[in-house]
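So that you can tell them apart, the chains are marked A, B, C and D in the order they are listed, and the count of residues begins at 1 in each.
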Amino acid sequence: MHVLLAILSGILFAAGVWLILRRSLARLVLGLILLSQAANLVIFTSGGLHRAAPPIVGENATALEAPYADPLPQALILTAIVISFGLFAFFLVLIKRAHQETGTDDIDAMSEVET
Amino acid sequence: MNLLIVLPVLLPLLTGVGTLLLRSSTRIQHVVSITGSAGFLASAILLLVRLRDGGILAVQLGNWPAPFGITFVADLFSALMVLLTAVIGFTVALYSIAAIDLPRIRYGYHPLLHFLLMGVSGAFLTGDMFNLYVWFEVMLIASFVLLVLGGEKAQFAGAVKYVTVNLLASMLFLIGAGVLYGKTGTLNFADLAFKLAQNPEPALVNTSAILFLVAFGIKAAVFPFFFWLPDSYHVPPAAVTALFSGLLTKVGVYALMRTFSMIFIHDMDFTGPLFLVLAGLTMVIGVFGAVAQGEMKRLLSFHIVSQIGYALMGLGIFTQLALSGAIYFTLHVAIAKAALFFVVGYVARRRGHTNLARLGGLLRESPLVAVLFLLAALSLAGLPPFSGFFAKFTLIKAGLEASQYAIVAVALLVSMMTLFSMTKIWNEAFWKDAPERMDTDARVPAPYLQAGDKWLYILPIILLVGITIVMGLAAEPILQMTGRAAEQLLDPAPYIRQVLGRMP
Amino acid sequence: MEMLLPIVLTLLAAALSPLLRHISGRWGGWIASVLPAGLFVFFLSQLPTVQAGGERTFSVTWIPSLGISLAFRLDGLSLLFALLIAGVGTLVVIYAGGYLGGHPHRGRFYAFLFLFMSSMLGVVLADNLFLLFVFWELTSVASFLLIGFSHEKEEARRSALQALLITGLGGLAMMAGFILIAIAGGTSEVSELLSRGDLLRSHELYLPALLLLLLGAFTKSAQAPFHFWLPGAMAAPAPVSAYLHSATMVKAGVYLLARLNPALGGTDEWHYLLTLAGGATMVIGALLAGPQTDLKRLLGYSTVSALGMLVMLIGLSTDLAAKAALVFLVVHSLYKAALFMVAGTIDHETGTRDVRQLHGLMRVMPFTAIAAVLAALSMTGFPPLLGFIGKELMYEAKMQAPSASLFLLIAGVLANAVNIAVAILSGMRPFIGRGKHHPAQAHEGTLTLWLGPLILGLSGLLLGLFPDLIGIPLIEPAVRSVRAEHVDVDLALWHGINPVLLLSILTIVVGVVLYLLRHRARDASARLRVPELLLPGGVYRRMIAALPAFSGRLVGVIHNGNLRSYLFTIITVFLILAARTFVDLADWPVLSRLGDVEFYSVGLVVLMIAATLMVVASRTRLAAVAALGVLGFGIAALYVIYSAPDLAITQILVETLTVVIFLFVIRHLPRFGERSPRPTQFRDGVIAVLSGTMVALFSLKASGVQMDSAISSYFAENSVPAAYGRNVVNVILVDFRALDTLGEATVLAVAAIGVYAMIKLRKHHGRRAG
Amino acid sequence: MNALILRISARYLSPILIGVSVLLLLRGHNDPGGGFIGGLLAASAMSLLALAHGTASARRSLRVDPRTLIAVGLLLALTSGFPALFGGREWLTGMWTLPELPLIGAIPLGTPLWFDVGIYISVVGFTLTIVFALSENDEEEAV
C-alpha cells in the first residue's frame, strides 16, 4: 500500500506543480492546496501504515498495545492541516481581493502591475 | 524551571493578545506594545547575559524529557539572534507609533507585529524540527498580513508572489520534516544529530537536506530563490519593511546555519562549495539589482539579498572565524538595514515618495536624518569604524585564511558596488538640490510632521545607528560572543549533551 | 598615551566644529588653527627623541580577535609626515577661515577637515596594519565629504564619488593584501612585520599580497591608470586641494610604500612594479598637465606627476633614492600647498581660474604674488630654493639606479621640464605682464588668504638656504625608517659642477622653452586628442554611466517580475540539486512490496487520482472545487482506514470549510482557460512529472526505512499514567507538544486578522505614506 | 421555502451542534475530538445561523466580536501553562487534580483541558471572523 500512496503523493505533487505554473489565480490556490495534501500524505505514509489500530488506549489498559498506528505523525499532520487551513483561508481571500484591486486573475498580467 | 528562555516567545504572545483584546483604543495599544517589546528586550538581554560565556540552556517544555516533548534550547547563537529580534522589535514598535497610520493600527497592526516577533523568537529558540516549522508559519502568516494590511493595489500584487513562493517553501519544509521523522523517528535537533551521527543514511538524509536547503534558501532569499523579496518588500510601510528585512530572511539564514552545522553534515563536500557558489551569486545578483534601482525601498530591498550572500559565505567557508563573521554580519546587517528603512520611511513621510530622481535637498532640510543615513549607509557599505567593516573584515579574513580566494574577490567587489549604490542614494536624495518644482506625490496629504512625531521617527534611527557604531567600536566583546557561538556550532556535542543528557 | 592624544583631540575638534559658527564669526579660522598649531609644536618637541634614534610608542588592545590593536608608533618617517600634516594643516585651517568667509556651513567644513586630519594622523602613526587601514578608509570618507562640500554642484558630487570609488576600490584590495601579509608574517603589528622582511619576501603569498597592497597605495596616490580622480577632485574648495591633494592624503600611498619598504621592498617585483608605475605616472601626469588652462587642474596634473616621481624613487630602493624621495616629498608639499592656496585666492578674488584670463596681478595682489613666485621657483628647482636640492638629489638617485637609469633620467627630465612650464604658468604668469591687470575687479585677499602661501613659500627659501635645518633632524631619521638602517643625510646647495647640475640646468632650459611654446603644444595636443574612451577616466565614466543600465538588463533577465518563472526556477533548481541523490533514492526493490494492498484502498486511490485529474483538467470553477472536495474526503477516508480518526474528522471539517470559503471567493473570478502556449505547457508538464516522481520516490524510500519508535512508544506508555488521556493524538496536541498547538492557534488568529482586514480595510478608509 | 427550511433547521440544529461540539471538546482527551474539532463544529453551527438569519443577527446572538474570542482563546491557552510556573515547573507542564465528584467519581481535571478550551474558543473566533466577514462582504456586494 505504501507504493500506491507514494504514487498518489507523487501525482498530487505533480498536479500541484502543474497548477501553480498556470496563469490563473484560482488554479494557483488549487495547486498549492494539492501540494499541501501531497505533503501530508508523504508524512502519513512515511510514518507507517496500520489498519484498525488507532492510537487510543483501551478502557482498561494503561498503554497502547502493539501494533498501533504511530500517533506522532498524526498529530503533526493535524497541526499541519490546521495551519494550512489558516493559510489557505487567508490566501483565498487574498486572491479575491487581488483580483478586485488589479482587475485581473491572470498572474502574468498581475506581475506587470506596477508594484 | 527556567522561564527566561520561554519569555521571548511568551512576552510577544501576551503583548499580541493584549493589543488584540484592547484594540478599541489606539493609545492603549501603543502603550501595551511599547511596554511589551521593552519587556521582551529586557528578557533577551538577560538571556544573553546568562549565556555570554558560552553556556547552553535547554528547557523541556511541559516537563517531558527530550526527545519526547518540545525542547527549547538557547546557545549563544540563539541568544544573540533573540536579542536582535528584540532590538528590532522594540525600535519598530517605537517607530510605528508615528509612522503607522490609524486604519492599520485599528485593523490589527500591533498584534501582527508581536505575533511576528513571537514566531521569530520561537524559530531561534526551538530545538525541534517540527516546532521550527510551526514558528516559521507563525512568522510567515504574520508577515503575509502585514504585507497586505492597508489594502493598496500594489500590496496585493506583491503579496500574491510573496505568499505563493513562501507557501511552496513551507510545503518543501514540511515534507522534509515529515520524512526526517519517518526515517529517524525523532524531531529533536540534538537527537537528530546524535542519531544521524551514529547511523547516517546518505541518500535519504541528503535528499532531506536538499529539501531543507531549498526551503530555508527561499526564506533567506538566496539566489536563485530570492525573487519574491524585491517584488514585495517595498510595498508595505517602511516600518514593516524594516521589520522584514531585519528579521525574516535572518530566520532563514539561522535555520541554514543551525541545520547545516549540526544535522546535515554528511555531505559537506557538496554543500560547502554549493553554499559558496550560491553565496557569490546571491551577492552579485543582489547588488546588480540594487544598482539598477532608482527607488530607495527597492534599492535597499535588493541589498538585503546581496547581504544574505555574505552570511552564506561564512557558512560555506565553515571555519570558526567564518561562522563568527557570518553571525556578526547577520546582526550588523539587520540593524543597519532597519535604520536605513526607517530613514526611507521618514523621507516618504516628508515627500510622499522615495523616488531618487525626484528627491533632493534632504541634507538642507533634515541634516540630522541625513547624518544618520550616512552613518548607516557607510556601515552597510563596510567602511570603518562601523559594524559593517568589522563584519566584512572578519569574513574576508576567514576566507583568505581558508584560501577561498574566489569568494573573497567577489565579496570585495560587491562591497565596492554597495558603496556605490549607497552613495548614489546620498548624492541623489541628500546632496542634490531638490528639483525646481517640489514634486510631491499629489495623492498624499501635505507632508507635515508635528515636532513630537518627528522625534518618534528619529529616535529609533538614532538607537539603531548608535548600535551599529557601538558594535563597531566595541567589536571585540561581540566578536568574543560570536566566536564562542561559532565554536558551539562547530562542536554540537555540548548542545546534544545539554538537551539529551548523553552523548554519541 | 601622548600618541593617542593628537588623534583624539582632532576628532573631538571635528565633533565640536559645527558649533564654531555660533561662537566665532570671522575669527573661526584663527580659533580653529590653535589645535593644529599646538600639534605642530608637539611634534616638533618630539624631534630630539626621534633624531637620537628613539621612538614613541603606545599600544592597547582593541580587537584582538581580528588582530587589530590600537598600536601607535612615532619614528622618523611618521614624524616627518605628522609635521607636514600639522604644519600645512595649521596654514590651511587659517586659510579656510578667509576662503569660506561667512559660508553658512563652515562649521561643517571644519568638522570634515578635522576628521580628515585626525584620520591622516592615524594613518601615519598607526603601528598596526589594520588600524592603519581603518584610518586609511576614514581619510577616504573625509575626502568624499570635503570634495563634495559644494554639493549643490553636480560636478562636486560626481568628483567626490569618483574619488571615493577609486580609492575605495584600492582600499578594499589593500585590506585583502594586509590580511595576506598578516597571515604570511604571523602578525599585524607593523614594527614586527618590518623585522620579518625575509620571511615575508619568501612567502608564497608575497606576490598576491604585494599586488593587492599596491592597488591600494596606487589608487590613493593617484598612480596611472587610477590618476584621473585627482584632477577630477579639483572640484573641491581650494583649502581641500591645498591640504589633501598636495601635502597629505595623496601622499598616503607613498607613505605606505616607504613604511613597508623594509618588510616588502628590495625584491625585483617591488622594484619593477614601483618604478614602472611611478615612471609612467610621472610622464603621463606631465603630458596631461600640458594642455590644461585651469589653474587648479594644472596643479592637479602636476601633482600626479610628482606622485609618480615619489613612487618611482621608492621603487629604486637605494639609500640615495630614499633620501631623494623624502626631500622631494617635503619640497613638493610646501610648494604645491602654497600654489593651491594661491590658485584659490586668485579664484576667490578674481572669479576665474583660467590662466589665459589672468595677468598683471602683481600690483594688486603683492603678498600673494611673492608667495606664488617663491613656490613656483621651488617647483622649478631653481637655486637657492629647497626645490633645487630636491631635484639634484632626484637626478643623482636616478643616475645611480640599479637598472634603466638612462630611461628614467630622460623621463625625469621631460616630466620636470613640463612641471617647470606648469610652475611658470600657474605661479608666475598670472602676476606678471605689462598694462592693466586682469580681471579688472581683482584685489588682494585678506591676511588669512595670503599668510599661508607666504609662509610656505618662504620656508622653501629658508630651507633651501639652510638645508641642515631639516636634513639631519628630520630627513635622516625618516630615511632610517625607510631603509631600516642609518644613512647619512648631508644636504647642500652646491656640489660643484657635475652631471647633475648640468641636468638641472638643461631641465630649466627645456622647461622655459616649453612654456614659451605652450600655445603650440596646446594646439598640438588638441589635434592629438585621444578618444576619451581610451583614457582611464573615460573608461571609468563609461562604466559608471553604463552600470545601472547594464544591471537593469542583467537583473531583468534573472528577475523578471513574473511569479510563474520564479516558481519554475525554484522547482527546477530543486530538481537539479536533488538529482544528485535521486539515483540513490530509486531503490527499486521496494516496489516488490506491492503485495499488501486492499481492494477498497485501491479503489479509493483510483478515485482520488481521478479527482486530482479533474482538478487539473477542469475548466469550470465549480467542478474543480467539487473535485477538490472529493479528493479531500478521499484523504479523510484513507485516514479512517489507516487508524487516524482525529485526522479524518479534522480533514472533513477543514475540507468543508475550505470549500465554503472557496465558494465565497471563486464566484467573482473568471473561468480558467489555459493561457500558456504549447511549449510552455510541455515544459511545465515535464517539470511537474519530474517533481512528482521525485516526491513519490522520496515517499517510497522514506516509508521503507525502519524507523526508531522510541518516541511513539514513550507516548504509548505515558499517555494514560502521566497525562491522563487515552486519545494519544490529543494528548500530544494538548500536552506533549502543546507548544505546536499554541503556535497553530496563533497562525489561525493571525489569518483571521488578515482576512478581516483585507475585507474591511479598503483604500477609501484613508491612508498615508510611510 | 428553502429559506424557511434553513431557518427552522438552523434553529433546532445549531444548539444541538453546539452541544455536540462541547461534548467533543470535553471527550477529546480520551476519544477522537478535542478543541480544534469541537471549535470547528461550533463555528459551523454559528455559521448556519448566519446563513439562515443574516450575519447581523448571528453577530448579535454571539454578543462578542469573534476577534475578541480569538484573543480570549489564546489567552486561555497560554495561561494554562502558568499554574506550572507557580509549582516551579516548566511552562505548559500539565497540572492535574483528581476531585471526587458525586455520581461520576474521581475525574482528572488538568490544565491541558484548560488549554484545549482555549484552542476551542480561538478556533470558534477564527472561523467566525472569517465567515462573518465574508458573508457580510457578500451581503454588501449583493446590495
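What we mean here is this: a residue touches a chain if its C-beta (ideal position, glycine included) is under 8 Å from a C-beta of that chain, and two chains touch if they have at least 3 such contacts.
Keep in mind that what you see is a predicted model, and the values were worked out from it rather than measured.
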Between the pairs C-D and A-D, the one where more C-beta pairs touch: C-D
Inter-chain centre distance, chain C versus chain D - centres from mean C-alpha coordinates, in Å: 61
Inter-centroid spacing, chain D versus chain A (mean Cα positions, whole Å): 24
Between chain B and chain A, distance of the C-alpha-averaged centres to the nearest whole Å: 28
Where chain A and chain C are represented by their mean Cα positions, the distance between them in whole Å: 50
Where chain D touches two or more other chains at once, by residue number: 30-32, 36, 67, 70-71, 74, 78, 92, 94, 126, 130, 134
Residues of chain B touching at least two other chains: 13, 16, 20, 61-62, 130, 134, 137, 141, 144-145, 148, 151-153, 160-161, 164, 168, 175, 178-179, 181-183, 231
Residues within chain A bordering two or more other chains: 20, 25, 38, 40, 42, 45-48, 54, 56, 72, 76-79, 82-83, 86-87, 89-90, 93-95, 97, 107, 110-111
Arrangement of touching chains [line / ring / star / complete / other]: complete
Contacting residues of chain C [partner chain D, same complex]: 645-646, 649-650, 653-654, 656-657, 660-661, 664-665, 723-727, 730-731, 733-735, 738-739, 741-742, 745-746, 748-749, 751-753, 755-756, 759-760
Residue numbers on chain B that touch chain D, as the complex places them: 1-3, 6, 10, 13-14, 16-17, 20-21, 23, 59-63
In the complex with chain D, residue positions of chain A that touch it: 54, 56, 78, 82, 86, 89, 93
Chain B partner contacts - residues on chain C that touch it in the complex: 61-66, 130, 133-134, 137-138, 140-141, 144, 148, 151-152, 154, 157, 161, 164-165, 168-169, 172-173, 175-176, 179-180, 183, 544, 547-552, 554-556, 558-559, 561, 563, 566-567, 569-571, 573-574, 577-578, 580-582, 584-585, 587, 695, 698-699, 701-703, 705, 707-712, 714-715, 718, 735-740, 742-744, 746-747, 749-751, 753-754, 756-758, 760-763, 765-770
Chain B - residues contacting chain C, complex: 13, 16, 20, 61-62, 64, 67-70, 99-104, 106-108, 111-112, 115, 118-119, 122, 130-131, 134-135, 137-138, 141-142, 144-145, 148-153, 160-161, 164-165, 168, 172, 175, 178-179, 181-186, 195, 201-204, 206-207, 210-211, 213-214, 218, 224-225, 227-228, 230-231, 237-239, 270, 274, 285, 288-292, 294, 302, 324, 345-346, 348-349, 352-353, 363, 378, 383-385, 389-390, 393-394, 396-397, 400-401, 408, 412, 415-416, 419-420, 423, 427, 431-433, 441, 444-445, 475-476, 479-480, 483
